[in-house]
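For reference, the structures are reproduced in the following blocks.
Next, two complexes with subunit A in common: one pairs it with subunit B, the other with subunit C.
Presenting the complex of A and B:
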């Protein structure tokens, strides 16, 4: 590709190529604190290609390509190039990663112990992890929690936080340094999006795993409530939240059983971030 | 009635299971979590399915004999609809690939 860069997030190394300079320049700025892959070897390649003949210049339109691709994915506008890169990297992890059990979840850490939060899009797991990351917790990731099948530890994947819609203003109130925010991408297929660079210490500790001690299923937009989630329900919901559970076979089964039988799980409904954080702090304090 | 043909209660049908080492079994809050190695499939089953699965032999067994085994283990009444209910549970296990019927 004409423009390219490399970066490492947690244990995964990416080569990003683009037919346009703008997405790569934005990536270089936002991922400036991230390390380069060892020996310049990438696990995955993501390419932003023109969606058709002439579409590099005329109404530039991006097709996401790479080692793993969705053939029917709709092209995206070049002004949403950063989102295209994010989607491309997520796709490589979701379809290709086999070194850990991959759960679609956010995670934060305190004193070597990890809180894992999973839920459907809009549940607030990403925003809550980002907020906690500014309030004394180590941000480990807003998209994927990587479970080590041998040890049960959670490994970080602290990519840029993808803030959507109302979460953008919530995090602008939380983070004073404007340089940590990417450009506002309006009216993307996922709504308005701004990327946020995680705290520097979270990036510096991106290869440091933590022991999972609590699993939450947050749900935004409901009156404050919480209930314990049984191991059977947690197991079933986590198989649905994992993109590689089936591919890992027996190894994934044993890892997930170990996780749900050792980590207490709760469903937490909440109406705003402050309410959720108070509830999380109380639950955390009550842990043995 | 020919050998192997089911009567109205299906009691002549023979059922069996794969060798125990083909299944990994864990308890999950009273539910039973299974990983079936030959298929790579995960199942979560509830009582009485785990008990029926445990009573199944690797050799084909008649329904009536299996009901006898369960009656001994769990103090079951073998009258009424017991045979039909057991057959329904066994057929569910067969559909999951956890039990088999003899040819």
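Presenting the complex of A and C:
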């Protein structure tokens, strides 16, 4: 491919190729602090290709391709190229990763102990993790929490935070340094999106795992409320939130079983971020 | 060209000692695209590879092991449904290689479960599978009618709880194809395995793999099929028996071509290839350093050829017209 770069996020290494210069330039700027892959060898290749004959120049349209692909993925506009890369990398992890149990969840850490938050898109798990990451917690990831099947520890996957719609303004209030934000991508298939570079220390500590001690199911847009979630329910919801639970077979079952047996789980409804953060602080203080 | 490096490594595992990161990245992508990564892992077992590569290969082996386990379980489930009807389950392709413990099965990724049953019993088989939790994948009336009238298999079915597909064949090439293998002979000469499942005889396994690769389809995944063929031929004691079996099925020229291609690509034979074989070789080895098909036009050519092989011209035109109206476009 004409333009390319490599980068490492947590334990995974990517090679990104593109028919256009712009997405690669944006990636280089936003991922500047990230390390390079060991021995320059990538676990996965992601390709941004023209979606049809001539579509490199004429109404440029991106097809997300790579080692793992979805056959019927819709092409994207070139101005949403950074999102295309993000979706391409997510897809490689979701379909290919086998070294941990992969849970669609955000996570943050304090004193070696991790808080894991999972929920549907729009639940606010990503925004909450980003906010906590600016307020004394270590940001570990907004998309995937990687559970070590042998030790039960959570490993970080601190890629760029993908801020959507109202989360964009919320984080602009939180983060003073404008250089940490990527370009505004309007009207993507997922709404307006801006990428945020995680705090430098979160990137520097991207291979440092933490022991999970609390699992939250946040839900945005409902009056403040919380209730404990039983182990059975947590287990079932996490199997749905995991992309490789089935592929890992018995060791996936063992890892998830161990996780829900050892980590207390709560569902938290909230109406705004500050409210959720106070609730989380209170829950965290009450931990043994 | 990463596919060329990939076959070089499969042929001679020691060749990877000289590879740089660029070569590895290209080969890993090409091997994933060709579904040969776990096969490569098995070939390179014990070789001195960089640490990140070793991790990637270990993951691939794990996936292949899981595929095998699932395939054998699906075969067992199909047998549980069909054995009471007195119908033998003859496994085809990947599941057969795994069940029979063949060298071709080492590190082979396995997708759907393919089985062969007598054509006269297809209705019973269909009803029994339906009663045991399998259902249609494509509820399109045209496709359904097309499969039933012209194909060598039922429309694909999927198990509603286990989410795994089964293809029930009554022969090994579409009924519209130029060649008509002897399906009855395939079934009569199938070999029983310990546990009650069946696989084709060693000669028929080669014939099926050859027919699948060269007399049907557009050669997508052909590098893997050819790798199967190379090992399946190694299991043959008497090459003359294989030749007469291929003649019985009308596949002599295909067998010869497959042997020449396998020798050329996987054994480094210097014997010159015919023009047609060179085109097939270029198609098989057409992966660039990003795992991408490097010659789209050649790919399209083989896609068109695959239809040409499958049906007579008038029928092809009617088929393409129907599919076009339904919104189908070649990639």
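The definition used in the following text is that the second predicted complex is superposed on the first by the 288 of 288 C-alpha atoms of A that agree within 3 Å, B and C clash if a C-alpha of one lies under 4 Å from a C-alpha of the other, contacts with A are read in each partner's own complex, and residues count from 1 in each chain.
Quick note on the criterion: a residue touches a chain if its C-beta (ideal position, glycine included) is under 8 Å from a C-beta of that chain, and two chains touch if they have at least 3 such contacts.
Keep in mind it's a predicted model, so treat the numbers as computed, not measured.
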First (subunit B), second (subunit C), both or neither: which does A:249 touch? both
Between subunit B and subunit C, more residues of subunit A are touched by C
Once the structures are superposed on A, label A:42 by its partner contacts, choosing first (subunit B), second (subunit C), both or neither. second
Let me test your reading of the model: by the given contact rule, A:235 touches which partner, first (subunit B), second (subunit C), both or neither? first
Look at A:1 in the shared chain and tell me whether it touches subunit B only, subunit C only, both, or neither; answer first, second, both or neither. second
Where does A:284 make contact in the superposed view: on subunit B (first), on subunit C (second), on both, or on neither? neither
With the two structures laid over each other on chain A, which partner does A:260 touch: subunit B (first), subunit C (second), both, or neither? first
State which residues of subunit A lie in both footprints, the one left by subunit B and the one left by subunit C. 249
Name, in rising order, each residue of subunit A that touches subunit B in their complex. 230-232, 235-236, 239, 246, 249-250, 253-254, 257, 260-261
Residues on subunit C engaged by subunit A in the complex (per definition of touch): 21-22, 24-25, 28-29, 32-33, 50-53, 55-56, 59, 62-63, 66, 69, 290-292
Please name which positions on subunit B make contact with subunit A in the complex. 24, 26, 28-29, 31, 33, 35, 37, 40, 42, 44
Report the residues of subunit A in contact with subunit C in the complex, numbered from low to high. 1, 13, 15, 17, 37-43, 45, 47, 49, 65-68, 96, 98-99, 247, 249
